[in-house]
Structures are given as C-alpha cells and as structure tokens.
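Look for chain A in each of the two complexes below; its partner is chain B in the first and chain C in the second.
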Partner chain A sequence: MAGFILIVVAAFFFPGIILRTKSLASGRKGPGIFQPLKDIVVLFRKGSVFSNTTGIIFRIAPSVTLATVSGAMLLLPFAEQKAVISFEGDFIFFAYLLALGKFFTIIAALDTGSSFEGMGASREALFSMLVEPAFFVLLATFAMFTGYTSFSVIFNHFYVTGNDYVLIYSIIGAYLFVQIAMVENSRLPVDDPKTHLELTMIHEVMILDYSGFDKALIHIGTYLKFAIYGSLIYNLVVPAGWNIMLQIGLFVAVQGLFAVVIGFTESFRARNKMNKNPKFILTLSAIALIAFIVILILTDKLA
Partner chain B sequence: MSSNLYTEVRNGSGPVGIREIPVLDYGRFYEEVISLLGNERYHCLTYFCYPAGPVLKFICCIADDGSGTIRILSHEKSDDGAPLRSLTESCYAMHIFEREIHENHGVKYDGHPWLKPVRYPHDRADRQNVMANYPFYEMESEELHEVGVGPIHAGVIEPGHFRFICNGEKVLHLEIQLGYQHRGIEKLFADEVDGLRRAMLAENIAGDTAVGHGLAYAQLAESLAGYMPSGSLQAERCIALELERIAVHIGDTAALCGDVAYQLGQVASEALRTVVINTTQSWCGNRFGKGLIRPGGTNFPLDEEIAGELLRNLEVVDRRFGTVTDCVYTLPSVLGRFEEIGTVTRAQAIAIGAVGMVARTCGVPRDTRATHPFQYYRQMAITPAMQENGDVLARGMLRALEVKESVKIIRRLLDEWRAGEKTSGRPRYDLSFTPDSLAISVTEGWRGEICHVAVTDGDGRPVLWRIKDPSMHNWMALALAVRNQEISDFPVCNKSFNLSYCGNDL
Partner chain C sequence: MFSTVTFLIILLLTLLVFAIPKPLKYHYTLGLLVAGTALTTAWSISVLTGTEILKEIPLFTPAAGSRFVLVIDPLSAFFILVINITVLIGFLYARGYLAPYGQRMNALRFSIHYFSYLWLWLSMLMVVMIRDGLPFLIVWEIMALSSFFLVIFDAEERSIMKTGISYLIQMHVGMFFILVAFLLLQNETGKMSFDALGEYFSVHRNLPLFLLFFAGFAIKAGFIPLHTWLPEAHPAAPSHVSGVMSGVMIKMGIYGILRVLIPMQSDLLETGVIILVVSLISGIMGVMMAIVQHDLKRLLAYHSIENIGIIGIGLGLGVIGQALGNPALALLGFSGGILHILNHSLFKSLLFFNAGSVYHATHTRNMEQLGGVMKRMPWTAMLFLTGSLAICGLPPFNGFISEYLIYMGMFNSLSGATLFHSIMIVGSVASLSLIGGLAIFCFTKAFGVVFLGEPRSEAARHAGEVSGSMIIPQLFTVALILLIGLGSPLVVKPVFNIVTRAWNLGGQPMITGAFTSNLSQISIAGGVFVVTLAVLLLYRRYHLSRRNVTAGPTWGCGYTAVTAKQQYTATSFAYNYNHLAKPVLQTRKEIDEIGESEIFPRRRKFVSHSDDLFRKYLIDRPVDLVAGLLKRIAVMQTGQIRHYILYAFVFMLLVLLLAMFNIL
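Entry: the complex of A and B
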C-alpha cells in the first residue's frame, strides 16, 4: 500500500516541478509548484460540456482511463513490501491495463467525429503500438535476469541475484523507462503538450473536446502515469532491502530528479518531425532487444 | 517618359494625368502584359478596374526591376457583358487580380481556371456570388480524406479556412479560403475626406505592418499633392520602417521556435522583440509605431535622446539576436524541422509573382528598397539579403540576415540624420490633390512590397484608392509549399511565411 500512497503523493508535485524547471531554464520565474493542482481544483468546480455528436463512449472514457491508471498503481511494489495486487505475469496485466485506458481515449476521440481528433487518434494508436515492444522486451529481460515474472518479486530479487551486470541493467532499464514514459505521456520529442496547433498535436488533440470535470480526470490520469513510471525507475535503481526511511527519501529524490530531467529535456531541444517518431520509438525497442539478447547469452539460454 | 503603349513613372514621383495614359484595345493590352510578365525582370504591382463614366477603365501597373520604373498600361471596356480573355491562362500571377475584378465588377473571363470570390464585399457585382457557392477542389478516392481547418482557430490567429486533401499524413492539395475580415478599406479610403483619419485607417490595414502601410499612404498623399518631404523626415521614416522589420522578424523567429517546441529559442527571441517594440514606444508612444507616420511631417520628430536610446538598444539586440540565431540554426533537432520543409522553388516563385521575403528566399532578388527606392533609400544602395533554398530554414535564416542588415541601415540613416538639417515639420492633413490624375506609391514592408494607388476626379477627390498587400501574391506560395509535405508540418510552414489575412481581406 505504501507504494500506492507514495505514487499519489509524487503525482501532486510532478507536473509543477516540470513546469518550474522549464520556466527557470528559460529565464522566467514561472508559476508555483502547485499551479497545476490549483487548475485541477478549478476544473472540478466546472461542469462538462458535451458535443451532440458524442455518445456514451465519450462520456465514460475519462473515468475508465483514470480507473485503469489507478488499477495499474496497485501492481507496483515499494521497497520490500509487496504490491497490493501481485501475481505471476502481473507486468503484462499492468501494460494492458494502461493500454485499455489509452484505447478508451482513442475511441472517445473517434466518437467526436472531428477530423482533427481522428488524426490524433491514429497517431496515438501507431506510437503506442510501436512503444509496446520496448516495454515488454525490457520487462522480459528483467524476468530473465531474476527468474521471476511479477513486479514485486522481480524488484525484490533484482540486486540479490549476485549478477555482476546488475548496474548496467538498472541503468539501461532506467533510461528506457524515462524514454517510454515520455512517449506514453505525450511529451517531447514525440509530442508537444504545450502546442496550440491542432494539426501537430497527438495526445492533446484527442482531448480537445473535454471540459471541466472530465478534463480534470484526464489531467490527474496523466500526472499519476508520470509518477507510475517514476516509481518503476525508482524500484529499478534502489535495492529493495535498504532502510525504509532512507527509501522514502530516495523515492522523493528519484521522482523529483525524473521531473527535472523531463523539464530540461523539453527546454533545450525541438520536437521531432512526425515521420521521425516511429524511428525514434523503434530505437527504444532495439535497445531493449539488445539487452534481452545479452541476458539470454549470460544465462546460457542462447549459446 | 511615355510610349504609345504605356506611361512610365518612378516610385513616389508626382502624379500622372489619367488622360495621359494611353488606352489600348484589349488584344494589344493582353499581348503587351503577357510579353512583359514573361520576363522575370517585370512583375505586376497591381491590376484593377473602376467605372469611369459609361466604361470600365482597367489599369495595370507593372514594375520593371531592371530600370526602376513602373509602367502603367490601360484598357477600357464597355458594360456589354462580353467576356475578356483571361491573362491567368498564360501568367498565373494575375489570377488574384482577375478574381477581384470579376467579383467586384462582374467582368467575365474566358479561360480563368479559378474565378472563386476573394472576399465578401458588400457591393460586389453579383449578390449571389459567394464563396459558399464555389466548391472546394475535390479528389475522388477511397484513400484520401479532407481536413478542414478554421476559420475559427484554437490559437490567437486571424480567421482563414484551410482545406487539405490528404493521403494519410501527406498533404496532396491545400486550398486557402480567406476574406472573412473584409472591412471595405478601399471604399473607406475613397469616401474619407479627412487626411488624419485616412492616415489612421492606413495604419490599421494590417496591424503588424502599421509603419509599412502608413508610409505607403503618406507617400501617396504627398505624391498626389506634389509635396516633397524633407531629408530628415525621409530618414526618420526609413528608420521606423526598419525598426518594424526588426521587431517582426524577431517575433517570427520566436514563433517558429515555438511551433517546433524549442522553448529556449522562443523565449530568448520574445524577450528581444520586446526591447525593439519598447524602443518604438518610447519614440512615438505606440509599440507598433502607430501615429508615427503622417503625411507632410511628423508628430514625433526624432531627437538626440531617442536616437541614443535607439543605438544602445539596437547594439544589444544585434549582438544577442545574433547569438540566438547562431544557436537556433545550428541545433540538430531544430534543423530537422526546418530543413527541406515547405520548399518553394524558384520557378514557382516567379510563376506566382512572389514578392518580398518569399521571393528573396527562393533566389529572386525582389526588394523595392533596392529596385524602386523610396524616401531616404534613394540616397542609399541597399543590397537585399538572399537565400536560395526556399524552405522553412531559408525563411528563418533570411529573417536573421535581414535583422542584421536593418541594424546596419538604421546606423547609417542615423549618421546621415545627425549630419543633416532637422526639418521634419508638422503633419499636413490638408494637402490638396492634383485633379484627374493617378499616383502610385510602393514601399517595402517587412513582408514585401506594399502598393497603394489612387485616382482622383476633376475636383481632386479620390475616386479610387487601391491597396495591395504582399500577402495577396504570396498566399499561393504557402499552398504550393505544403504539397507533398506532412500535414503536421503545415503550422511551421504557415508561420515561416507569416502572411497577412487582413492585408488580403482589406
């Protein structure tokens, strides 16, 4: 349960830290850390407006998305504590729970009948599909490395395998999780959350028709997803056996650092051209695949 | 100078008697225009018609970039409803003018491929003739889809409708439909009797070109009245024009960076733009230079204090913007978004009669400061900054080069202004215009050549005030640039041109 609570707490600070980092990096003062949360409070107080062309799918999609994200949070362990829900092969459940949420966002976008949203939906579907192998191959690598197939057990055994290459794997894993998180959360260089140009949007254009309460739910889902990936990275880089108080401190530090890294990345580079994105995302899968093959060799499964 | 085919004038020279312009029959006129425009040394400044008694009088002004003169050709047509052979068939650049004439006066054209209305004028010839009746181009295919953008946009941009025909992410065809902001400016100009109100009107033709259009108006009013502004006034006007150019170019660089999500370039450029427009504000009280350009004189004569501030600020802007552009145009992630995106070829630029920045990014040296100099530019040799590739990067780089160039021009102008007599004088709103005459005024705004033409009646009242913003030619360049590009690159292409909607809609 500690993992679940910590992710929620981290999600409170996460968007604010990104915003603040970007502001400071460009020489501006920027809004306070809690500004995104204040915006959400404002949105909660507002009603939602629905277009006449939309149906039930459009209305339930934000709730479904938030539910799937919350469900995925339950699968993540913290320190030596097991996750709330934990079973063999739960990382597959985790991935498809998130995918289910995304699926609903996509069909809700198609539900509006707008040509923009259709375009955004097709892009989102393509890029999500491309990033899926990276996630699975990476998790398969860890499963191979430790010999287990559940998040809780994998992370508990990651540093006790006695394998000399553990550090390399945690670094590669952390790097890939950061990149996957950027793709999944529609950040630079694949997407630009700040743009007002419908024709270049991917994720933003799909939620253009949402307002008020529903929009707040979508935002919360996004913030939680960031913290989820932050938590995955944390579990990967910090051995589970360490002192619990130290762990909580490190958790906060890793999440903060993750947010700062995103902020800096977004400050000092331009976004990819749309047709470069598949190449960029496939590179992530390629890196994961190399790691996977190496581990096969190390564990003598591939001579 | 005249021949029996045309009257020849220079930019900003005095008015010509309307009866002195030889009237050709249409066949002769057609041949002459086509043969001139076939040579890229010539391009059409403006082509319009107005009712003169029982006939429609057509005037075509063609700029000769080689000799720096403007040829005025004319023909007349009685209101018999007989169609004219379209010039557009042979010279694509004329399409917009013939569409305008068709819309406003109901003149029929044979062989014009696209007589779609340009605007929604209140007094158009045929009230049934509206854009809604004129269909968009269509392509029949199961695999293609259409995307309509606007006229209401998500961001703070002017209204315009863009209809894309796409194959997946690739744009096959873009049709641009404008006219939503038609305010009847030309009519307001012709009806207005007050010189001050006309000057204010000119500044509001396109808000981002207040100085460019303001100057075109002032120059035209002075030309019609045969009034010669003093040297110091001319220099001050050129300084204002260059300041506007610098401010907009820096602002556009910021917007280009913003469109590709390069935050640092955007924020750094925005900060510098503020420095420039604040300098304009401390000179005349308005950040966009409104109120600065007036016919006959100025309410805000330049003084040493402002000149000093100008030089200090420009020093800072020049240095810092140089650093910013060096950084922006060498960053791989930015280059990946700008290079070979939205290319306009040299042949296309010539065919559509591109002017100003758009022409100069395709290797066509059209800069009226150099070819048809006006105001103080007559005493200076301007070498236009050039780019060859015609892509988004070229349009970005040209802005960087022009900012550098403009800073140099302002420094030179200030030197000469300091050396000369300060005799700017007060504005003159009571200039009386020469009767029965026509005058042309061309200025190089930051987008390109701005052309104002006026015709007066027997009492010296303007019967026609004709305005052409460079955007009228250049919108077609955008439509060509996005062909076979990804639709997601449209915004950055559009921003790299930054054409005026209201300048087109008038």
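Entry: the complex of A and C
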C-alpha cells in the first residue's frame, strides 16, 4: 500500500518539477510548482464540448486509461513491502494493462474522424508497439538474474543475489526505464508535448478534442504514469533492505531527480525527426538485448 | 449401445435435409445440431469430470483392420467442447445472415449448404474421436469436402469458385502427407492408428515421422509457409462459415499435431525447436501481413495465422520443456497453447461473425469504404470491440490468460537455463511481445477505421443494425470470453488436468497449485480494474450532469470544410508501419506521375497492393516455372497422327539401340 500512496504523492509534484526545471534552464521565471495541479482543478470546474462525430468510445476512453493506470499502480512494490496485488508474472499484467489504456486512447483519436488525430493515432500505435519488446526483454533478464517473476520479489532479491556486478545491471536497467518512460509518456526525444504544430505532434494531437473532465483525467493519467516509472527506477537502484525512513527520503529524491532529468533533457535536446523515431525506439530493444548478454556473462553462461 | 445408435441416427438423419421443405430446413438442421451437441457434450463432460477416463463408442466395422470406433480421452473431450460451442453459435447467427439469400437461391443450394455444415461439424467431431488411420483419413477428407462446399456457397463470382478449387487442392496435398505418414506407420508396426504411434516411436527415430505428420497437419492449421489457402478461403466463405473454419476447423490441424506429439519419446528438443521457430515466424509474419490488408475478413484470416503461431509457440515450448526435463515449462507451454485454442475459437468466430454483420449491412468488406459504423450498428461494434480486445491479449479478456501462461512458461524456465535455452527463450519473449504490439496496431486500425469516425461511403452511411437473432447468440460467446478472462482458475484447472493426464506429468500439484493462486490474483486485479472503471464512469456521468456540456465540430485546425474523405484511412494508418516493414512486405504502388507539361492534371488513380511473399515465391513462382516448361514440351502435341506415329517409332528405335548396347 505504501508504494501506491507514495506514487500518488510523487505524481502531485512530478509535472511541476519538470516545468520548473525547464523554466529555470531557459532563464524564465516560470510558473509555480503546483501550476499543473491548478490547471487540473480548472479543468474539473469547466464544462465539456464533444465533437458531433464522436461516440461512446471517445467518452469512455479517458476513464479506461486512468483505470488501467491505477490498476498498474497496485502492482508496484515499495522497499520490502509487497505490492497490493502481487503474483508471479505480474509485470506481464502490468504491461498488458497499460496497453489496454493505450488501445483506447488510439481508438478514441480515430473516433473524432480528424485526419490530425488519425495521424497521431497511427504514430502512437507504431511507437508503442516497437517499445514493447524492450520492456519484456529487460524483465526477462531480471527474471533470469534473480530467478523470480514478480515485481515485488524481483526487486527484493535484486541486491541479495551476491553478485558483485549487480550495479552495472541496475544502471543499464534504470537507463532503459528512463528511456521507456519517455517513449510511453510521449516526451522528448520521441515526442514534444510543447510543440504547436499539429503535424508534428503525437500524443498531444490525439487528445486535441478533449476538454473539461475528460482532459483532466488524461492529465492525471500521464502524471501517474511518470510516477509509476519513477517508482520502477527507484526500486531498481535502491536495495530493498534499507531503513524505511531512509527509503522514503530516497524515493522522494529519485523521483525528483527523474523529473529534473526529464526537464533538462527537454530543455537541451531537440526532438527526433519523425522517421528517425522507429530507429531510436528499436535501439532500446537492442540495449535491452545487450543487458541480456551482460547477464549471460555475469552468470558465467557465456564465457 | 445407446450412444452408438443415437450417433448413427444423427448421421443418417442429415440426409433428410434434402427432403424437408425449404422454410423448415433451417429449423430441422438446428434441431439436429442441438441434439448432436447435447449428446457429444454429455460424452465430453463425463470424460472431463473424470467419471469415465476413456470412453469408447464403436460405430461399425466395415472390413477387417479398419474400425470406426469413437474414442474420447480428455484431449478429445476438450476439442468436442470447442467445436460444439462455435458451430452452434455460428448456426444460430447464420439464420439472419442467410436471410437475404433466401430469394436468390433455390432449395437445393440451401440443402447442400446445410448438409455440408452438418457434415463439417460431424466430421470435425469424428476427427477428434477416431484413432484408426483409415477411418480418420475418411472423416478428414469429408471435412475438407464439406468445407469446400461451404466456401463456394456464394459462388456466383468466378473468383470464389477458383478459390474453392485451390483450397481443395491444398487440402489434398496435406492429406497426402498424412496418408504417407500413416502408411509408414502401418509398414513398421502393422497397425494404422494413432494408438500405434507409441510403439513406433519407442523403436524408430521420432523426428522424420513427426515431420511428415506435421507437414500434413500444418497445412490445415495454416502455419507459414503452408498458409496460402487460408487468406483466400476465409474471406470467400459466408461469415458464419468463416467463423467456424477459422475458429475451429484450422484447429483440427493442431489437434493432429497434438496427437502425434503426445506419444513422442525422443528427438524432443529438435521437434520443439522446429515447432517454436515455425510458430514464431507464423506469429510475426501473420500479423505483419494482416496489418496491410484492406479487406476486413482477409485481415482476420491473416490474424488466424498469427494465433495459430501463438498456439504453436505454446506447444513448442511444451515439447522443449519435456526435452529438458522441465515439467513446469511443459505444463505451462502445453496448457497455454491448448487454452489458446479455446480462446481463439471464441474471439475469432466473434470477429468473423461481426465482420459478416458489417458486410450484411453495407455489402462491402473494404475498410476504406466503411467508417462511422458504430453509430449505426452499436451492438455489432461493441461485439467486435470485445473480440478485438480479447485477440490482442489484453486483460481482463480471455486472450490474456493463455498468453500469460505461455509467457510464464518462458520466464519460469529462464533461471538456471543453459546458454542456448536462454537465448531461445529471450528471443521468444521478444517476439511474443512484438506480436502483441503488432496485434494492437492491427486492431486499433481495423476497429477504428471500420467503426469510428465518419462514414466513407453511402453504403456505410445507410448501414443499419442487424437483427437480434444475429446478435443474441454472440452474447453467449462474449460471456464465455469474460468468464475465462475474469474467472480463469475455473477454466485453467481443467486444462492443466488435460495436459497432465495426456503427457503423464502427474504429480505436479505444486506447480498447478501455485498457478491457480496466481490466476486468482489476476482475477482480483481484473476485478479491481473493472470496479475502478465503473466507479469512474459513474462519477463522470454525475460530474458532467452538473456541468455545461455542448456539442460542436471536430477541431479542424481552423479549416471548416472537412469531409469524410480527409480522414485517416486504413492505408494511411499503416503508412509509417509499411515504410518500416518494406523489406518483408514489398508493397507495390501503381501511380502515373504528373508530367511537367500537364498544367491541369487529369483524373488518375493510385493503387497500392501488398503481395504475400510466401505465396509469390513458394507457390506461384514454382508453379509458373513448371507450367512454362510444360508449355514448351507441349510443342510436341501437334494433333497430327503422323507425328505421333513418328514418336512411337523413335521410342522403339531408342529401346532397340539401348538394348543393343546393353544399357537397358
């Protein structure tokens, strides 16, 4: 349960920290750290406009996506505590549940009948398809390394395998999780949430027609997703056995650092050309495969 | 005795379809179906629940050596259930689907159709129950013939007849392999029966005989590269038939493979790796080719190849598990594969039925002509959506459960695996997740383009919901899909039982116990998700009821004269993907460029088409080559009698010369 609550708390600050980092890095005064939350409150107060073309899919999609994200949160452990729901192979459920949310986001975009949103849908479908193997290969290597197949148990046994090189491993893993999070959340370098031209958008263009309550749900889902990946990274880099108060402190630090890293990346890096994106994403799978080979060497299977 | 007589009576009563007056034919056929379903389901349940371990029902013994005996073991019992569910629902659906044909076609055509449908069903039932070679081949042949007649039901178009014939030829190529395999078995053991396989396998090398059987059964199942009949035959058939063919009939190939796999004793690792590699290729290529299709039913047909691939991945892993002495991998692999047979039969038939409903309402299967159908056919759309989500393996639907079992087989066998094994497993994990991602791409496209947005043609604009008789039977399929998705332990336990009994994995209570608890956790997680969603939607409703909700046009970026033609089409949705998959798919484009002197461009058209490379290079090219060669030889066929006499003379001269020089 602690993991669940901490993710929710982290999600409160996450988007604000990214925004603040970006404004500081570009020398602006910028909005306060709670501005994204205030935006959500405003959205909740507002009414909604629905396109005549849209039907029920467009209306239920944000709720489905948020439900999948909150379902996925239940699967994440914190420190030595097990997740609310934990079973062998829960990460398969995790990935497929998030995919369900994505499915609905994509068809909701097609529901508007807009060519822009169709374009975004096509891109999102392609990119999220390509990133899938990276996540699974990474988790497969974890499973091979620790001998367990559930988030809670894998992370609990990560540092007690007695392997001296585990640090190499957690670094590759953390790097991959950061990159996967960037792709899954449609941030730089794959997508730029701040672009102003529909033609160059991916995620933003898919939600162009949303307003009010539904838009707020979409934003909440995105923030939670960031915190989810932050929590995965945290579990990977901090050994589960440490003191619980220290853990909470470190959790806040890792999430904060993750947000700052995203902010800096977005400040200093340009977005990929659209047709370079598949290559970029496939590179992640390649890195995951390298991690797999590293683990083969570490476990003396590959001399 | 009772069972024997009842079954034989049902077989004989099928003939009466021809004598029944036209308006009653449907009801008569339905009556027979229900009776037969009740009978065989009762058999299967008595075997599955363990009151009888093995049920034998002798039908008749025409000649020495070949016995028509129905033998039901748990595996057969499982297949009986799969067959009965889809065939019955398909026929209930058919009533509405066939209604428009009522005027156009005479009573004989309907008789032939119903008769073939009944015999397709009966022959499939007998395929999974008959063990002896000759009777098996006979019912196997009946299955091919009856499905052929079903495919050509709508054969006013020449192309459908051509498709039917090509289907029939390919089925016989497959049958030839099975026949040779059985003959080999007869030669070595003196018995031509699946029961003799154990005897054969304990003495001889296992792999060659397996490969013979595999080649024969794989054509039926549609493994790549033996799949080329499948994307042609499924779209040509009426939709209830496509649903049954894709949902159940191709699984008869899988059944055959399972029958041969169970008694195997050696060469297991090679066998497992072969099945796994073929299945991975089928899975990935199947879905890759599905994405580029414009014809909705053809898209679904290619997806069947993908799902056969997933089933095969499960079976391959199971065999590898056996080979490595890893009972957990064997159990999970086989169970995942076998459960996916049931799952696929449910969601694929559902998808085909609803593709049929769309065709029924709009008279087109071309996705580029559809769009906005959901508003006009909400029930059909929701059913299709359920099928799409299930086929993508998304929780809380049934496809997830079988894929989960297969994944777990892979992940569980990873720790302590050898180098070769780990590489193979990680490759499979990456491929299976890629298949999942591609399936999502494919079905967001199919559902989005067909059912959402604005109608792209008048036909789609004027579509109306199909009758309740076509929708209500499908609700039962949906209920089963959700039951397996949310109550998986209920279904997986019997499947575990089937597998442990078939492969003698007995004494694995540890693994099965742990797994059932995992599955109940999945049910809980799925339940939590459903409840969260329900609460969110209810709150949303309440929230919006207190806010100002207005309607307006879709945001057009400031452009107000948007038309339906400007929407993203199926082709444009797959454009980026096409670009990426170019090396494998080779999409052809036909366009005449606008010349420099052409100030006012004429009307022109643009055609893009994706060939099936396997078909092109493995079937069409060699056939063209042989045909070309034969054409050249045909020069000799002049039609003039003196030339033929000359040939005879030359031949005799040749024989004489050869004899003189002692070469002959």
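Here is the rule we go by: the second predicted complex is superposed on the first by the 295 of 303 C-alpha atoms of A that agree within 3 Å, B and C clash if a C-alpha of one lies under 4 Å from a C-alpha of the other, contacts with A are read in each partner's own complex, and residues count from 1 in each chain.
Keep this in mind: a residue touches a chain if its C-beta (ideal position, glycine included) is under 8 Å from a C-beta of that chain, and two chains touch if they have at least 3 such contacts.
Fair warning: this is a prediction, and the values are worked out from it, not measured in the lab.
Residue contacts after overlaying the shared chain place A:Ala140 against chain C, while chain B stays out of touching range.
When the two structures are aligned on the shared chain, A:Asn275 is found in touch with chain B and with chain C.
When both complexes are overlaid on chain A, the residue A:Lys102 reaches chain C alone and has no touch with chain B. Of the two partner chains placed around the shared chain by superposition, chain C is the only one that A:Phe50 touches, whereas chain B remains out of contact. When the two complexes are overlaid on their common chain A, residue A:Glu198 makes contact with chain B and with chain C alike. Of the two partner chains placed around the shared chain by superposition, neither chain B nor chain C is touched by A:Pro36. Once the two complexes are laid over each other on the shared chain, residue contacts for A:Pro77 go to neither chain B nor chain C. By the touch criterion stated above, A:Ser115 is placed in contact with chain B and with chain C alike. After superposition on the shared chain, chain A has more residues touched by C, the comparison being chain B against chain C. Residues 115-116, 119, 198, 208, 275 of chain A are contacted both by chain B in one complex and by chain C in the other.
Residue ranges of chain C in contact with chain A, taken from their complex: 371-372, 374-375, 378, 385, 389, 392-395, 400, 403-404, 407-408, 410-412, 414-419, 422-423, 425-426, 429-434, 436-438, 440-441, 443-445, 447-449, 452-454, 514-515, 517-518, 521-522, 524-525, 528-529, 532-533, 536-537, 540, 543-544, 547-557, 562, 564, 566-568, 572-577, 579-580.
Listing the residues of chain B that touch chain A in their complex gives 145-149, 154-155, 169, 257, 259-264, 266-268, 271, 331, 333-334, 336-337, 341, 486-492. Contacts from chain A toward chain B in the complex involve residues 22, 25-28, 115-116, 119, 188-189, 192, 194-200, 208, 266-276. By the touch criterion given at the top, residues 44, 46-57, 60, 63-64, 66-68, 70-71, 74-75, 85-90, 92-93, 95-97, 99-100, 102-103, 106-107, 109-119, 121-123, 125-126, 128-133, 135-137, 139-141, 143-149, 198, 208-209, 212-214, 217, 275, 278, 285, 289, 292, 296, 301-302 of chain A touch chain C in their complex.
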